[in-house]
Amino acid sequence: MTYGEDRIYKKVEVIGVSCKGIEGAIQAAVAKAHRSLDKISWFEVQEVRGHVGDDGQITEYQVVLKVAFQLKE
Amino acid sequence: MTYGEDRIYKKVEVIGVSCKGIEGAIQAAVAKAHRSLDKISWFEVQEVRGHVGDDGQITEYQVVLKVAFQLKE
Amino acid sequence: MTYGEDRIYKKVEVIGVSCKGIEGAIQAAVAKAHRSLDKISWFEVQEVRGHVGDDGQITEYQVVLKVAFQLKE
Amino acid sequence: MTYGEDRIYKKVEVIGVSCKGIEGAIQAAVAKAHRSLDKISWFEVQEVRGHVGDDGQITEYQVVLKVAFQLKE
Amino acid sequence: MTYGEDRIYKKVEVIGVSCKGIEGAIQAAVAKAHRSLDKISWFEVQEVRGHVGDDGQITEYQVVLKVAFQLKE
Amino acid sequence: MTYGEDRIYKKVEVIGVSCKGIEGAIQAAVAKAHRSLDKISWFEVQEVRGHVGDDGQITEYQVVLKVAFQLKE
Amino acid sequence: MTYGEDRIYKKVEVIGVSCKGIEGAIQAAVAKAHRSLDKISWFEVQEVRGHVGDDGQITEYQVVLKVAFQLKE
Amino acid sequence: MTYGEDRIYKKVEVIGVSCKGIEGAIQAAVAKAHRSLDKISWFEVQEVRGHVGDDGQITEYQVVLKVAFQLKE
Amino acid sequence: MTYGEDRIYKKVEVIGVSCKGIEGAIQAAVAKAHRSLDKISWFEVQEVRGHVGDDGQITEYQVVLKVAFQLKE
Amino acid sequence: MTYGEDRIYKKVEVIGVSCKGIEGAIQAAVAKAHRSLDKISWFEVQEVRGHVGDDGQITEYQVVLKVAFQLKE
Amino acid sequence: MTYGEDRIYKKVEVIGVSCKGIEGAIQAAVAKAHRSLDKISWFEVQEVRGHVGDDGQITEYQVVLKVAFQLKE
Amino acid sequence: MTYGEDRIYKKVEVIGVSCKGIEGAIQAAVAKAHRSLDKISWFEVQEVRGHVGDDGQITEYQVVLKVAFQLKE
């Protein structure tokens, strides 16, 4: 990539879910988006949420992300 | 779906248009997105707008929604 | 298009990059999205940013847009 | 109206109140704004609120709208 | 209530869920909050969401509300 | 006014300016809007700003308000 | 309180109403919340509004606040 | 205008439309608002949008503005 | 819980404080809220802040959360 | 200052604290910023908060401001 | 710069003013910030405003920007 | 520090970058800001973003923070 050249990126909103904390949910989302959508360049966290079990323990973190990738001609 | 398992959802922004009120526009959008995009799990309303005819009657409601569905491996 | 008929639009978020000012970046993004995604009906500017070179000159404008197009049955 | 021609619209903020639900409040506001302000082209919902009676029943819906109309030369 | 007298209200955030549309979810939430929390004076809608079944039908509307009531001395 | 009756309000954005503090600027704006626009029912503060003189003293407070009044048939 | 120790606070949304200006409404709300809810530690102003009488005078200020207090074990 | 003197401004929301870029749409809106509404003092851009033709060319820019003018006694 | 059945949730805003990172503060808040308020179903992160000691080390993370639980009849 | 001449301002975020109400905190912040930062031209209030003592009295108001000053060549 | 290396940037808020359109105001602000503050890496537009003369012509554009530069050890 | 005494804080926006997760980026930013800017009292997270390598791995976390410190006379 060279600055100043015309190009276009697309941003897609995904939700990563993991029991391994916030970074775990981000990594899972980015890795899966990379495989099933396209080669991701960067991400932006939108929301952090989570589910709580009957015992008051956090069973999973849910992170809403925007992931961005370059559109080829 | 089991809480605590790694998974990923995608959210897509659509606009449903209907003359049958706000719920009508949501239902139309969800039904069509379900057929043409993917199996929708939930929706979130972003904006409610509408068009007004020359006689001051509302000719249609336009509802901007985010619809979410699970990405399979 | 006739007002009052049920229909559905999709909005996609893209980032246009150009050294030719804000309108240049919008035009580049809309033109490329038109070719690689779908026939665009309208756009909405979300953010305007840019990169600055070592000499303090702006090397490119980066415009984050939502572009919208009608989904056919 | 033809796209590409210079023109100007004005947006005005109104609050429609009705006991007949959200669409009822929107219709009342648009119909009255159409008569007392100007010929409305479209509306955008800003807020939905309501009043609750002593018996826990909703006595009215209050919908804050922006309504838009074209300014003639 | 007389305008100009010192008084204090409390706002509480609740989520009403109903299969009977947006007003249905608001009414359910207000009625239950009225019984289990306190005598509600007004409500403000914060978010409208919903769940979609496997057949693409909306199974329920979920409306996030703030409900307000006066605190007595 | 009786709750449950159809009616419509209009909100107008004004900026009150006064050297007598925030309430001073609100009172000035409401009093003048009351005379030159219409009979105001309530106001909502949007922004508080001010101008500072060369000696570091605040010369005036500028309060951006929405003021609301009922539209008669 | 010692920094670094695990603890939890709760925030509650209240609306203070007073004819004695913005600080008057905040003080009334904090004093009453202190008595009827819990021992308040700090407050955050969310909105400032007010009611206007038929003569264009402000009859009361309404300040929406979040008040916070520590939850004991 | 002298800082420190009581005065009041009104802000009005308009949408300027032009095929000549963003500044073109702002200039058209300000010039027309100046003639048909009142003598404008300043403007604030709220949104930039546009319409796209069937060939992927931008047929017009639509700029939502707030324009402000002083209310005379 | 079955989708489609009328029910109501309440959301409460709490601040968890911990020296053990962001997840630590979330877990502390959820665990304590679970004991002192009610059985929590999910949480949503609102803000992440923290305190810094004289040596530039972070002494604690403060996470503002909304926690949600179902209201029983 | 003449309108139309190229110039540049800088905005800095400060928090003024005072026991003498909101205007007191703004004045303290502007006066000190004027001495320790630069000659301030205007200010914009961002947030109003405060601390509450054990007796339920407000011990201080904390006002988050942006203050702006012109950068000289 | 290499991705993955620890580093820190600072963002500063400036307002560029120019009679030569939006890009003109951005370029003026970036060029001056580059000389008087530090070597700028990128910018983000926050607000676009302007002043209008007595004849309804726009005398200047005022663009509020955040400019970012790397802090060296 | 004693509550109730006049004082002033400044907030500065920085971006910490680290390959060691979100807390790593916050710690790096706070530690460096502490050395190169001033003695930091607290921080507030504004945004969490990151860069993704060609292999779909997250190469770095970028956390936008506001850091606050007291201005001395």
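Just so it is clear, A, B, C, D, E, F, G, H, I, J, K and L label the chains in written order, and each chain counts residues from 1 on its own.
The rule we apply is simple: a residue touches a chain if its C-beta (ideal position, glycine included) is under 8 Å from a C-beta of that chain, and two chains touch if they have at least 3 such contacts.
Just so we're on the same page, UniProt names per chain: A, B, C, D, E, F, G, H, I, J, K, L = Flavin and CoA sequestration protein.
Just so it is clear, the model here is predicted, and its values are computed rather than measured.
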item	value
For subunit E and subunit F, chains touching each	D, G
Interchain contact steps from subunit B to subunit L (minimum; 1 if touching)	2
When subunit G is superposed on subunit J by its C-alpha atoms, the rotation angle in degrees, nearest 5	120
Chain whose mean Cα position lies farthest from subunit J	B
Centre-to-centre distance between subunit L and subunit K (centres being mean Cα positions), rounded to whole Å	22
Rounded Å distance between subunit A and subunit K, as computed from the means of their C-alpha atoms	30
Sites on subunit J at which at least two other chains make contact	12, 22, 51
Chain-level touch network, classified as line, ring, star, complete or other	other
Touch relationships between chains, expressed as pairs	A-B, A-C, A-I, A-L, B-C, B-D, B-E, C-H, C-K, D-E, D-F, D-H, E-G, E-I, F-G, F-H, F-J, G-I, G-J, H-K, I-L, J-K, J-L, K-L
Residues of subunit D that touch subunit F when the two form their complex	12-19, 28-29, 32-33, 36-37, 51, 53, 59-60, 64
Contacting residues of subunit L [partner subunit I, same complex]	22-23, 26-27, 30-31, 34-35, 39-45, 67
Residue ranges of subunit I touching subunit E (in the complex, touch as defined)	3-12, 66, 68, 71-73
Parts of subunit H lying in touch with subunit C, wherever the complex brings them together	21-22, 47-52, 54, 56-58, 61
